[in-house]
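What follows is chain A paired twice: with chain B in the first complex and chain C in the second.
So, the complex of A and B:
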């Protein structure tokens, strides 16, 4: 290493260079490596995508580079920013000069990262004054300029707003403005768009790209969404169980992945063209239970004896091609054959199937402090036997309300919700108990919808108990059957929800919903809290259940790609109105409503054909 | 697939084993407090059999004997005697029994009633909830002793059952608040809503699912309330509106001793210490319980 230890010669072409970074968590005598032997490099003007599922060490790597880890963490290896070397236990003064000036960071939840009781203008001005050493008056001018640069509407007005008065996307813009205040050479973006709606997400992604072009800063973009990576990144480093397993240019990784895990991730992504996602079996090993050999070996189809015992040489995320695998894959990702299409058009002579659930000009009001708020209005749609209907929309579009109307959780204020010709009974009435046997819900968060103090088995059996179905032995047998059909091993019956993974929890919830042999399953963002590889397997399970048990599904989601891969029909919602309704493939190929086209265009897609902005890198 | 399932290394321990492990790992002061409480509980249960003399038997020749003295009839008094020559140890045992009886049943009653009121508020919402919450606020802003005294003033002294219920009622508003708040959060999003959608009735949702989940918080509240109940009982008895002679509680003992503080300190000192150490132990164990039962500080497995 050249130069003095602390202050390095300014190297503006490489704002970040990490070599051999190992970060461990230490409590008492217990020590566990979370990130192991990570090396990566970001050049000026480059956007490096750091990809991997939860628990792979992406965020810890970024936090280590900014010295943001707490005292319980230990760091080995080297992190060099443009001018400074970050060591283990860096001094406060050293960090103060680094943060904001050499590197800045933006987070997933921008509204939580801003001070809720201070006006945007004041927060920005303070940061600018501190980082640039200018007077408050000047800082105010710069703050305004920054807000303009992040394309904030009405920047003068916004200076006087509090964070809660802004939308999620606007808050993220403010966060980016704060991050830019010290003209950093490097920006860490930790899932900056994950909590945003797709249309807002695409705006923020565009903003990050244009700021990169303008300032030539390097960006480390942490995400789990390969579609987003394809949109914004120039190069990619894939992390698994604390190590970088593959790196390379975004085109090479997307088109010809060489590590089986990368391939698995890409295959897990649903696409707008209807690729049926295939998940990866198993789950990421906990940091203290990583195997001695390749951490991916237990989930890898191609694993051989060598993989279990030896660690493949680490890949380096320096933009060059490298892969940490003994038996890397060769050749392009051959996605030539179109997978079976989820929509089978009905032939004319087939009898028209029965309508199960239908909403007829339905509206729903919520009581708020300022009076009634109309969540949805004039909704007319129906679910026929065997249909898989996707209800798509952004947050606040009223898509969940449709689920609630169908389940009898909310009453219709106008119009009617009916099930097999009869009105949907309200939750809490005696009619609802019988109705519950036909229509069931799979909610978003599986951990929240299972009783933490009851075993999985008893909860799966519970619906049978409630409805007095079968004897104790019969219920036991049915429980086994249900666990199996949801892809769970029978031993899990004795476990408690916190003892099993998120994917297994969601399977248990599905098993419980299926106990009463319902005709309709309403899934409200049922996979939104899961990793992509797990999400893909849940989608697979739902498709199988549809086939085997003749289940009709209402799939409420914000992800058009999932709708495409699972559903036969799509209803597009926007601010409480149904804007488009029809069969999936015709609508995705030729959307009629401009809003549908906008949604489709905003959706990041691993198969998108427009090339990412490679030409801007030197 | 040796590493595929992170729960393989997981070993199942029964809840008894977990509890024992927690007790063994507890700090010394907690162990001492638990030991004291076990002793008090033992005395409360066996008082009738282990007391050396009849606690009502007077011996005017052996009045105000100090601890360790031998009376006129040759009786040994470990803790001395009171102003009527009654054996203080026997009276102490009898008092502990009655105080504990009032505190245990009273606390239990208060916890059940308070939690149920909270459940009712959360279940019906609307005006029921409003009325209950106003009562809760009303209760919280008024010393319970005043209410207890007015009830006794109207109903008269000497009714033991009434007294137990009255003392136990103390703190009901805190149970109500806890159970209402936690029930609301469970009902609105989460497992309770999911179970209701399966067709479950109110009782199943509340008793089989919500109660076990909020039990830990209620148990901690019991451990905070219990010493307060003991103190309320003793204060009422001290004032002469609680337990009536010939029955005796720690508060009665204390009030007899008041007149002899200067020349026979033990009459007030012994029950005073008993009250002090019991409530202190209860608070220490309660604090420790709160830490152990808190899901954010223990992993649960």
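So, the complex of A and C:
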């Protein structure tokens, strides 16, 4: 018998091998499999993309591989790192000695993943000293060297900084340096760039690639963004409802997906060339409500009887091609024809439409403890009837402030905000009530903007009540109409927000915003907290609303691909300034401002032509 | 940062000013020291004479200004009975109270922190539930009752400890338990919830992911982070201890300022009462100031926020 303490014959060429892994959550008599029958293999120097939407089991798989799941979790199957079999239930001490040395992990929220009250130099030095068994003095030198290797600006000074003094991107560099401290053979990167701005994201992705080249470590890169996958990964494993449904090389998966879910994911991604994302109907089943057959069958157009009752053979994420589907797709992704362009330039003889909202040399100051802070300045732009204007920029660029000025939430410090020729009334004034019938907001987090204790139906009706529109019966009828136009079934009216999915909540918020038949909808990162397949459906809805109801839209986003797929015009914001404004397609094809070009170049794109570099230094 | 400290200090002085004023008027509006001191059948003329002698016949405003005038020169007034300076009477009682409260404070920290940490680490187990049950009992018992209970058990029944006295170290045992139990219970609960919150933070998971042992995580990462919010509670604890010491000193006949205060109030020794109240108020106010400054030392986020933000 092999005791758990015994070291395996070291296999440095394959730092991770998972076979038949099932991970269940158990509380009392209740037990539910979160990850089912997953097999994966990562070779040294390989970046494997573990892709899927929320709840697919990606993160749980990674945590399981490091033995980081709590006592409520049960594992079956096998997980083997370079030298240790995690599934042999090694002791706490053995696990601790594996972590950081055989495999390390970086997380999505780097700023929250560092001890907030300890200087990063100290955190890094302590980790180096412990993992490499060197003196503090030597560890300090190594720590400095690590900061240089992760291309941290001013590494000597940064040693004396606390995490809260660094930006999100810098903290992620620190996390990577910490992860490298023990010279791991494997790195789990759990959505490491999801919370970062695109330009920072592309730097971090480059860094991970170059460190992989330098150290030959294997990387498991968890992400929901196929554009990122295309940029950094060599191979891909697609997870759905706890299982791997397809795996293969990144080229094959992106160009010729064989599982309908993979295709759905790719089709859901907006692209810089203006592909209109299609989305997947329905939602991921909850872990305890997975169907007996293929978990994707309820959402699959190609599903047949067999799919509902039988489980297709599992795919293995070992870099080789495999697909868990009875009726896999054949052939290339037929995306050759130019997709429908959202932008249609008006011909000269058409009447010039009315200007709805406009900002004229507008500036906005916020009061801070250290005085006034100018969030935006010198903004001149307008939204004409029928326009869909994207306001894009990175965090802190002032894009949300533009929305607030347009909504009368913030006053202009200089210049003016006007709606149909009149100044935008401030929130709280009596004029604002009438104004609000014409301009409505759809915020980012639908759960926060819905009352958790009121039914969806009553919340959709509420604006009508406030404005005293219609009789009770008429409001009921309008409610039904609104639910339908937002793509929700009327039965949802009696549900509470926590009883429906995030996508459905956002639809309900949109339905509520539409209740007063506004002329303008201002969407502030309205799809940012949704899964891509759901996001695509919301974009579809917005496009339809624009077409059917003559709705003008201001779409505030950090995602240029979304701007491209939805909007007729784009305003690019940077540090409170409007750097470029124009029609979408000309700008995306030939940006005038260097910052716009930089943003475009940083945006990961499933359609990008330059294929990812594979094992460049083998 | 200096600005922050100065502002805090000014606020502290203002609080002290309010305390002195409040105590001055409340004491003078609630009863006449002369009639309280003299037998009921004393000739009213003698009472008037005494009032005049002690300046109690003048308008309250004048007395108040005079009080401040003397106070700023370090004169806290004299006791009516023996004419000794009030500050002297109070000063000789301070060491006993300090001995009692500081030991109780140490007891609170030494008992409260480990219990809280232990409960948090064993969350949901029988250990956790036991500690929490004891803790509820601990702060639900009024301390005079606990004191009497201890005397009954340890002195009367088991005859292990003398019921009163203050000359030996073992005389401290019962008063300290009486005074500190509620505080220790509160700290244990607070440390537990603070630890649980910190143990769920992403940086703890990140520490585990880089191979730190659970013990190192608890003591070197989780505890320092969890201790930060407990400092506020510790500041309040100083107030609770001083308040509690009045009762505790009475129960155990402990010769501190708590008992002095009770005696002085009964005898309407205005100067003594005023001095005791001022000293206790000052120590509470300065304890809170110390808490604010301690935050700056311990929590870098506050240090920088107060340095650049304000």
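Here is the rule we use: the second predicted complex is superposed on the first by the 606 of 618 C-alpha atoms of A that agree within 3 Å, B and C clash if a C-alpha of one lies under 4 Å from a C-alpha of the other, contacts with A are read in each partner's own complex, and residues count from 1 in each chain.
What we mean here is this: a residue touches a chain if its C-beta (ideal position, glycine included) is under 8 Å from a C-beta of that chain, and two chains touch if they have at least 3 such contacts.
These numbers were taken from a predicted model, which means no experiment stands behind them.
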Clash-or-fit label for the pair chain B, chain C on chain A: fit
First, second, both or neither for A:590, with chain B first and chain C second: neither
Touching partner for A:498 - first (chain B), second (chain C), both, neither: first
Touched partner set for A:516, first chain B, second chain C, both or neither: first
Partner chain(s) touched by A:436 [first = chain B, second = chain C, both, neither]: first
First (chain B), second (chain C), both or neither touched by A:285: first
Which of chain B and chain C A:29 touches, first, second, both or neither: neither
Chain B versus chain C as contact partner of A:105, first or second or both or neither: second
Dominant contact partner of chain A by residue count, chain C or chain B: B
Which of chain B and chain C A:548 touches, first, second, both or neither: neither
Touched partner set for A:462, first chain B, second chain C, both or neither: first
Overlay on chain A, chain C to chain B nearest C-alpha distance, Å: 10
Intersection of the chain A residues that touch chain B with those that touch chain C: none
Of all residues in chain A, those that touch chain C in their complex: 66, 68, 92-93, 96-101, 104-105, 107, 109, 112-119, 127, 130-131, 162, 164-165, 175, 178-179, 181-182, 369-370
Complex contacts: residues of chain B adjacent to chain A: 1-7, 9-10, 12, 189-191, 193-201, 204, 208-209, 212-213, 300-301
In the complex, chain A residues that touch chain B: 281-283, 285-286, 289-291, 295, 297-299, 407, 409, 427-428, 432-434, 436-437, 440-441, 443, 448-454, 462-463, 466-467, 494-496, 498-501, 509, 512, 516
Residue ranges of chain C touching chain A (in the complex, touch as defined): 201-203, 205-214, 221, 224-225, 228, 298-301, 304, 308-310
